[in-house]
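For reference, chains read A, B, C and D in written order, and residue numbers begin at 1 within each chain.
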């Protein structure tokens, strides 16, 4: 029996729902020894900004109970060098590439999306709206429904590629933001980005991260991520991409049952660099063994 | 986990077997692991990322440990028990499988030199044994000296192993063995003329060694540590600042991929 | 050297900052074999409502990575029987007792606080505002600053006991709520209550909790709790009580450095029922060994 | 952890020592722990909460396991490896300390009866050994029968131990040992006249046993399971529904404190 592992994000069809999360998979090539990249649904590359960024001072990461905090500070080469230096290599990988973008202002997002709109072989744009809005005094775009909608409109206006809005979990009502970006034209939403957290070194009396606060990821956040995916999948009609602590096949199935059309593997890549590739075949096996014909049967199938 | 090889950098995800795991000093253990692929590719100064748990998610991340020794298809890890990961490691029984990722990073460069001087402090001595063995083999006619520092005599570990490679000089903070004082003073006094320095240990020690090397015009390689999540250049977590770069995306290098061994002048120690 | 472990919450002075969290320490007596209750700063009893509640159907708890989800559903005997059946026993324990209250409406909170106002030997009232507001369509009081302020006013108007408002972490800006309840008269705030999460049993395709969603607690949430305590302690002048994943002395010190005047031990009581008592003496030892004269020196001492 | 005694219910937080930890059947292990305080207080049907990790926070919660056997100051735990906690338990070496909380809950009531009939299925057989031994000792003149069910022969464990206590009858779903079919059928066929039933096992089995007992007017005690966080009545997590109570705060009982053993008529199975 040939099971059908394909899923669709708007007009874009993925061979299977297994993607890798931005900032946790380098530019893909680091993982080539461990993963047949061509087998993955897609990879999402590290967030790209308009101008190169050095990122934050060290220490940038710290382990927590079943999780980790990071404050990388969005270190990246900038969109110009991304296009000239990285795209050729990425094209060669043979896997759909999603480019994650971030900005300090609406104009940043618009310009980034416009620059990438004309580049072949970018399968989709993922918009990280968890960044502070410099013009609005540093409040994150992603925590205000109206601002999130404006970013979405700005990006959708300049590209015909699928636009995935990546939602922040640091909000009172994630469905409100999801509905706003859906109405503004988003092709899909992905969630969750990291929860904001902190750790203190009691020996020095200083925060463990130079940046004071950082983003919490890993298995610790999975229950929160799964809850938000469930809520958002019931609130919008566009596809939902589930992210947060996914570390094994059962986690993939949980997120899809909760309503995710696809999933992204993040922190777990660090612990087992071969994981994403292994999940692709485990997923097909699971569908077959559980008597399902197609991956789409799983989506939102939780019975409450 | 799949066992595969990196075409680019030749590292492996390998399930090794613990051959021995013994206490060798105060809070310090030595683990020998049968891991044919990693050992075949390893260079001195490189490290492995060790999975300390199986199935459970705390501690979550792998732990970076230097390759202390290579003995055919076995590698030795010399580690101090400082927290929950190393505590769990110390409790692992023989014959148990253990997942290693490695060999990772850029190790020491062994170029011709009249005098190779290896300067280690604390657990920084770990990578120097394998380094000394390799220099001895690759450059049999060149002089090697090993200078080791510790707080006190009992923390000077496995000395016979180092002595088998080259003459060893010691310094302890409390004078309980060798020179009373810092290993830097030993270096200043013992090494004259041209030399190449390789150093690993606490930051203040390496700063002292690098400063002296700059003064005397000795090439100096330092082995750094940083908190690591991935060990393979994917997370951008393990940053150190480059010397002489502006505030742009070239400002930092990454210990796991660009290092852990750097030319002392390359980075801000 | 005699170190001073005392801390103050308004006019109420605690022998030390170690308290136990509501819902995790029964009515205290269960822990008597393991803890010298009289040594604790205070105990907070399980949330009390106006009328008895049966609580949710089972399963009510499920383990997650370094955490647990609970959906107890606030099972309790109601305020009447609490006063007649439980208070006599609680008085006999020799430890300050904080009563945690919850309601479905403003009137519920007001009446509960009024009933308890006249009961001797209740050291303080802790107000759980993470409950859904039945009259406002189920939105939690704790996620809306104006509603949170009104609950605070209602409670403060009818009692002279210290009023601690327990904040929900499921909000965009916890400092906004904290400032609102401070302005409304709260003596102190405690945080965090649980994060909302979910888990699915992939074998049955059903949520693992009968209630679908539950509250995430334990070490997994500590980084989020510590961040919020840090933020709130800088935003308000009233004392902050830190809660969330505290499992050892280092955690207590971290929360106090971040700005907490006292802390509550929750889920960790289940793993080590002797913990809260052990922390009292470990805390005094720590102060002494770290060369501090008083617990208050620790509060907010993190250097950023 | 402090070692202290409950005045109210006589349970202890005791750091025991693992004497043996061996595989005794498919996925099933038996651990013997030296724990003098808990063993001295234990009653048949009670359980302990076992800390499966030390220092790490995943798995977080203790695991509830029935007391399978008491041998002087040692207790036996018979457990099936089903998830990450029991997997970690099975890997614990001898001589290692292990933290137990117990004995917890209300065990079986042993009243006089012409015929004590112990009916177990799957790992539900665990508490029945100690129960049988106690009945034998407290009521040496009364008849005891043990009826055990399993899916297949290989899952019928440690039969000699049970046979040493009383005559054992078997039933397997696939007929590979004893009666082909359910242990309930065995019960219906074998037991006539007055009897007291004690049962532990999968819910459908206990429902069948309880239904038959009601029909025949036999007193019947059932031992239940529930997901537990604290094991001592503090979290209110381990609920089962009472029979015949309205929707008020009396609606539920708690398996850890009010049980795990209940009169069958008391709760909704």
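One rule holds for everything that comes next: a contact is a pair of C-beta atoms (placed from the backbone, for glycine too) under 8 Å apart; a residue touches a chain by one contact, two chains touch by 3 or more.
Computed from a predicted structure; not experimentally measured.
The chains that touch subunit A as well as subunit B are C, D. For the pair subunit B and subunit C, the distance between C-alpha centroids works out to 47 Å.
Mean C-alpha position of subunit A lies 34 Å from that of subunit C.
Averaging C-alpha coordinates per chain places the centre of subunit B 52 Å away from that of subunit D. In subunit A, the residues that touch at least two other chains are 65-67, 218-220. Contact of a single residue of subunit B with at least two other chains is seen at positions 57-59. If the chains shown are joined wherever they touch, the resulting network links each chain directly to all the rest. The touching residues of subunit A, counted against subunit D in their complex, run 65-66, 219. Taken together, the subunit B residues at the contact with subunit C in this complex read 57-58.
In the complex of the two chains, the subunit B residues touching subunit D come out as 53, 55-59, 84, 87-88, 93. Residues of subunit D that touch subunit C in their complex: 1-2, 4-9, 11-13, 51, 57-62, 101, 226-241, 247-252. If you check the complex, the residues on subunit A that touch subunit B are 23-26, 29-34, 46, 52-55, 57-63, 65-68, 70, 72, 75-78, 218-220, 247, 267, 269-275, 277-278.
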